[in-house]
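When the chains are written out, they are named A, B, C, D and E in that same order, and each has its own residue count from 1.
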Amino acid sequence: QKGETVKVAWIDPLSGLMAPVGQNQVKSFQFIAEQFNKGNAAGVKFEVVPIDNKLSPAESLNALKSAIDQGVRYVTQGNGSSVALALIDAINKHNERNPGKEVVYLNHSAVDPDLTNSKCSYWHFRLDADTSMKMEALTTFMKDQKDIQKVYLINQNYSHGQQVAKYFKDALARKRPDVQVAGEDLHPLAQVRDFAPYVAKIKASGADTVVTGNWGSDLTLLVKAANDAGLNVKFYTYYAGVTGTPTALGAAAAGRVFQVAYATSNMGGATAKLMADFKTKFNDDWYTGSSYHLFALLSDAMAKAKSTDPVKVAAAMEGLKFKSFNGEVEMRKTDHQLQQPLFISVWQKTDAKNNYSVENTGYTFAEVKAYDAYVSSTPTSCQMKRP
Amino acid sequence: MDQILINLLNGFSSGLLLFMLSSGLTLIFSMMGVLNFAHASFYMLGAYVAYSLSNWLGFTAALVLAPLIVGGLGALFERTALRRAHKFGHVPELLITFGLSYVVLEVVQLIWGRTPVPAVPPAWLQSSAFTVVQSAQHGLSIVAGVAPPEMCQSAGEAAASCSRFPMTRAFMMLVSLGMLLALWLLLTRTRIGLVIQAALTHPEMAEALGHNVPRVLMLVFGSGCALAALAGVIGGVTFVTEPAMAAVVGSIIFVVVVVGGMGSLAGAFVGSIVIGLLQTLPLTVDASLADLFNRFGASVHEGSRGWPLLRITLAQAAPILPYLLLVLILIFRPKGLMGTREE
Amino acid sequence: MTKELLQLSNVHAYYGKSHVLHGVSLNIGEGEIVSLLGRNGAGRSTTVKAIMGLVDAQGSVKWRGRELVGRKAFEIAHEGIGYVPENRDIFPRLTVGQNLLLGVKSGNKKGRWSLDDMFKLFPRLKEREHTAAGVLSGGEQQMLTLCRTLMGDPDLIMIDEPTEGLAPKIVELVADYLRELKRRGISVLLVEQKLTIALEVSERCLVMGHGRIVFEGSPAELKANSNVRKEWLEV
Amino acid sequence: MSMAVQPDMAASPAAIRPAAPVLAAVPSGPPPVATVRRQPSPRSYHFKPWNVGRALIWSLFAVTLLVVPLLWTTSFAQTMLCQMGIGIIACLAYNILLGQGGMLSFGHAVYSGLGGFVAIHALNAVSAGSLHLPVSLVPIAGGLGGLFFAALLGYVTTKKSGTTFAMITLGLGELVWSMSLMLPEFFGGEGGVSGNRVVGEKVFGISFGPQIQLYYLIAVYCFVCTGLMFALTRTPLGRMLNAVRDNPERVEFIGYSTQRVRYLAFMISGFFAGIAGGLSALNTEIVNAEVVGAARSGSYLLFVFLGGATFFFGPIIGAVLMVVALVLLSELTQAWLLYLGLVFMFMVMFAPGGVAGLVMMNLRVAAHGKLGRLWTGYLALAGTAATVLLAAAVCIEMVYHLRLNEALGPQMNFLGVTLDAKGLDAWCGAALLLLTGAGLFEVSRRHFAQQWGEAQEEIEREMKRREAL
Amino acid sequence: MSSSVAVSSNGSSPYALELLGAHKRFGLTEIIRGAQLQVKPGERVAIIGPNGAGKSTLFNLISGRFGLSSGEIRLHGERIDGLKPYEINRRGLSRSFQVSNLFTRLSVFENLRCAVLWSMGQRYAFWRFLSNQHEANARAEEVMQMIKLDKRRDQLAMNLTYAEQRALEIGITIAGGSSVILLDEPTAGMSKSETKRFIQLIREVTEGKTLLTVEHDMGVVFGLADRIAVLVYGEVIAFDTPDAVRANPRVQEAYLGSVLADHQAAEAVAQPMGCAA
């Protein structure tokens, strides 16, 4: 396998609502691929083939076809679990109908737990932590925050948002039955311009904490509206670090916005170097750590399988333990869900210890708590069909 | 009590913002008969231009200049493109604005990038206009600016609650009312309004009577775009300035214009307020139809017929209420609330 | 002869590619009523539109010595030419009053005519002052257009078939109206179908056929010339 | 109120009508071949389906459908072909409203989309064994679904016309789209509903697993539906639909209810749209909220217009362009949305009859044997236009490259040539090319316009002469 | 006003069309004030009256374009007020418009074919080919020849000349074979010679039918009508033979005027369709 070129199709939005995120991520993947091309366990060369799917499942299927035509055997995607579902379905069918031309799907950010539970597939490997895992970590953290009395849930009215709400309530009942859910809202995805009414509602409920899976402008507008109305609550979020949001959070949100993720802005060591290089090169933040997982996992598995054949590599990836930027991680065999540490970080001014300025705002996500992989690990109901 | 007040204030201000957005659209529609699908794009353009200008000249200058610049661009578009399509009728006119909205979006992204730009309101807009204080012993009171913390820091037995009303929103309301006044004067107190309406049906005749119709149309379109841009300047700093900001308001402003009555300024105003309230007030009601039925003795629960529909709370349905209203209004009163013509 | 006001020489006009006027030459003096007669499709309306700048024309149209060809309609209107189209073209959504108001040119000072003059002329309009013009009866609309043009205080008024659809009694009124215009020193170019009224009020008659002027003379001459009438006006 | 005095959208098909006088004489609706020979006896109108010209066109269409997948064999090309076939049905269905009925709908994806959902549920029912239906008939289930929802929602929509109609469709479109996320029971939430089209016994060895088998299923549907929709234009209802478009008021005075005509047409359109949705469900094997979204509805409108709504075959061109633009163009360039927007603006401004309008204009010239004269003009025009396009595209691509592809450095590849997006020479070259191209284009355009005008004038004269005979 | 029980159509009504105390108000203004008119089958009636008297409004009421404020309208003894225009048309009444109202983007032939479809029982059929409907096609051809537009068969209506459009307007009105025909100023905008030809045409195509026509051209009125109804301020002040109407002083005062009209009317009578000068 040495010296071979491995094409990885990156199927994600480059236009439309999620384009900013997509633009950042495509750079991340290309950048990390370059890093790995300098030397990796398998000695292969990676090439990222970006294809715009406009955040549309139907378009993604076209993109998949196009990628397969170009000889691509590894596909990665992450924005939108609906797209992920469509891809899993299509890849399952493709692999079944076209033996010898199998395709492996490496999911870098789609976090719907179903993807590794009821909808799990042998060909799908998830590198992000799913909603339930993040919620496990988040609630473990919240359990110890004694000032949390009343929590308000506000989420986007689609599967991701609904799941955040659901898993939160489940976990809370287990860990802090005394905390009250003061209210719950589901608002339409990316359509609300004016969050003032929601903020008024949160205010009226007397909540001291807001938990939200919102991303993009749905998160920034929420935080902005809260600041404007003088609503002094803490926000526990999934996606405060995604492109554009940090800029919009600015100074007003300092100390009040928490994020749960498999990374923080200040991981130190080699990661700090990577982030710095990325920033010099693109004047942008490298936050999609799963791009690192992807190439680390692939090269290790290819080395192990001594092949780039997706069937062999897939088999090699199952249960593979490898070293990534956030420590030693494991691709769990039962459901192909990566087991990795999770971090709670807070939005604050940069300081000596946390000196990475996110989006050049002078603010950063500073680690407040790190949890080992086992803490956030959740059971799976996956009944995987192996070929 | 304070919550009701705040909710009403939110509703009204949200309505006034909608008016700010849709007034230009109404102007263009009532006078030129053009459904301008690029209206929201001009709104976005206003925000971006103002962002660049205020980094350079300050916010106040941007507030004045950005609408002028965008209005000029609008006039240019009317002159070079829309005028050509006008000959072919309404559908091509509409489609050309459709095409323009794509182009504007792409150009904005090329110039300012795809991520939000950090547009912040100037210092004088960053404070609070007033604070609504509800305290157990003093009841409801309104304090200008930010209420001193001791007022809100629960004194004694019962906690007082303070809700601040941000300056940006107050300013927005003010500008919106100003727009209403200016437009009303333009339409009723000047003859230009008559000329435009005349030109709508018989442009040649209006010209033969000595009115420079093309110039008037250009001015109207330019003004409509300038109004959108003004809304954008304020909307941009109040919310976020980002490429998706046009898409978010894109269809709701049509709802406003249609519900109010196509081409009627008063209608656009009433429509804005109604939609503003409709988007806001139902959010506070977390009851669903199922709850309602259960209240009256029916037992509706998961698994009963129509549960998926009955289960939806009013708060969740709030965002679609404007569209529901639109459809109902058009079926039962196609003129719209205040409209005079039915087409 | 009176002083020349308007002179057309060798005017050609086209609708798209179809050639309609083939070299029309005519002139109108100050304070004159001239009628332009001819069969359907002879090109009378087109001539008037060409003067007004509403169709593409070639040749020369001189107004008090100044060339009008190539200028915009609203500029021509500002020169002092009024036009009453044959299909009326009232502004349907505006009220009668607003329609009249629009007759006044933008930026103009007070003209010779006031709203009240108009209402005196056609009392029926006064009654309907606040009605949307679109619902007026055919005849009422005709009255409205006449008045609207007059509000612009033109020196020459070109009227295309003003008696169309009017009751005989009102036709009579229109004749009075035309005479009144003349009395106030306004020139009229009257495009007519009804010979009766044309012959009665005008000083000169022009007959058009196939896009050219084929006869010019006094009403008496036209009455006498049965050849022209046979060939160019009636069957 | 009188219709004539209002800027009514119902009158706006006028709008779509190419206003250039040269186009005015082109009859709307029927395709070029459908010239009816004039004969004195009324008996001569007997329907002759095998009129030579028509037979030729239809056979050509059939052969094209048969042959294309053999020419483009990659799986990507075949998915695109499948989508084109589906798009053709959907766009033709949409044009029943827009081009033939003068109804401007902003929400037609509702019917194709809901048809898709019904179809995928039907497919899953087949898989589950609770429904016995060959997979090849699942699209019909989609069609019935589209018909059902069109009957339900169309009843209120078609009560109105013009702008009111357009706005109701906009509102309903938004409503259905919002509902689709609120009602995961039917719509499957964000993830949608997926199915497997390979189900049941193989019939003649056809499992519909391989894309090519599905393609031929789509091709058959496409051909039959196109035929049926064309036939519709030749029926009393089809003709009255045109009458309603042109003058709804008068229709009421010749015994027809405009509402009823619109409603029936709306249902028929919904049925065909549903079939397209059903085929699409089979094609992607997953249906989610996106299929009822405003973006989809918008593309129908835009591309039907681009293809040419005044002509029956316009939407077919539109559908092909739709797939090319949305699927292929976005693969080729990041600036595809900009190109799309610009193309729209220019088409509306300079060719309001759409591509079909251009085709018909040239066919008319060709029919009068005058095309031969124009070809040099065309050549010059094409050459210079290509130059301008190329230069403009280079500039646009370089700008996009600089903004978006920093990762790859300033070096970029454009049509096989490597350019340095930061290099002065690339920019100067492009600018120079653009300017000279534009200059030459203008020269040849003027020359061509004159030639074209002459040809038109001659044709006009000839037609007058013939008429006079 | 009157009993709401509709007299059932028994076909034996002596009148083809009846207006009984018809009233129409627009907002506050009453346009039709109790118009009363009874037209016998086969009769040709001209309605004259000053501008704004409500003639077109009356037609709009009869044809169902506007709803009646009060009163009754009967067609062959059957009440038709409150019905939709198409329902009235299906009962055998057809009208033309003062301003041509055509299917502008359809050819002459298609215009006429559309007009005959309903009466030929085609209804909303989408399962039959038009080209196979020989009866309808033959009828359309026939009407086209009647109105002498057969040479323009495949021209779009919008490309016709004014006079041709007027002819087509009449053609569409009569094509469906309705027994009661309303024509609103059919000769408006036509020259004397064309008017003459047109009156001839109208006579031919409405042979044996009940005809109501609004006209200001006295030549047409006196040349065409069996009886004349004079509508003034929404009331029928006279309904009589042409001679009687002309002699009626009220009519003269309200409508005909003095000198000019006398002249015109006299002229019209002297040479009903002749040269005017």
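Convention: a residue touches a chain if its C-beta (ideal position, glycine included) is under 8 Å from a C-beta of that chain, and two chains touch if they have at least 3 such contacts.
Small disclaimer: the values here were computed from a predicted structure and weren't measured.
Under the contact definition, chain C and chain D share the contacting chains B, E.
Within the contact network of the assembly, the step distance from chain A to chain E comes to 2.
Farthest chain from chain E (centres taken as the mean of C-alpha atoms): A. Interface comparison, A-D versus D-E: the pair with the greater number of contacting C-beta pairs is D-E. In terms of Cα centroid distance from the overall Cα mean, chain D ranks first. Mean C-alpha position of chain A lies 34 Å from that of chain B. Here the spacing of chain B and chain C, counted between their Cα centres, is 48 Å.
Separating the CA-averaged centres of chain B and chain E is a span of 51 Å. As a whole-number value, the distance joining the C-alpha centres of chain A and chain C reads 77 Å.
Residue positions of chain C touching 2 or more other chains, listed in rising order: 92-93, 135. Taken residue by residue, chain E touches two or more other chains at no position, since every residue touches fewer. Looking at chain D, one finds that residues 1, 5-6, 13-14, 17, 178, 182, 184, 337 touch two or more other chains. The part of chain E that touches chain D in the complex is made up of residues 63-65, 84-86, 89-90, 94-95, 97, 99, 101-107, 110, 113-115, 117-119, 122-134, 137-138, 141, 151-154, 156, 158-159, 172, 175-176. On the side of chain D, the complex with chain A involves touching residues 74-77, 79-80, 83, 178, 181-182, 184, 189-192, 194, 196, 198, 209-210, 280, 284-286, 288, 290-291, 326-327, 330-331, 334, 336-337, 404, 406-408. Against chain E, in their complex, chain C makes its touches with residues 39-41, 86, 124, 128, 135-140, 142-143, 161, 164-172, 175, 193-197, 199-200, 222-223, 229, 233-235. Residue ranges on chain D touching chain E, taken from their complex, read 4, 13-14, 17, 24-25, 27-28, 36, 38, 42-43, 45-47, 231-232, 234-240, 242-243, 245-247, 249-257, 260-261, 264, 268, 467. Of all residues in chain E, only 26, 48-57, 98, 161-163, 185, 188-194, 196, 216, 218, 254-261, 263-265, 267, 275-277 touch chain C in the complex they form.
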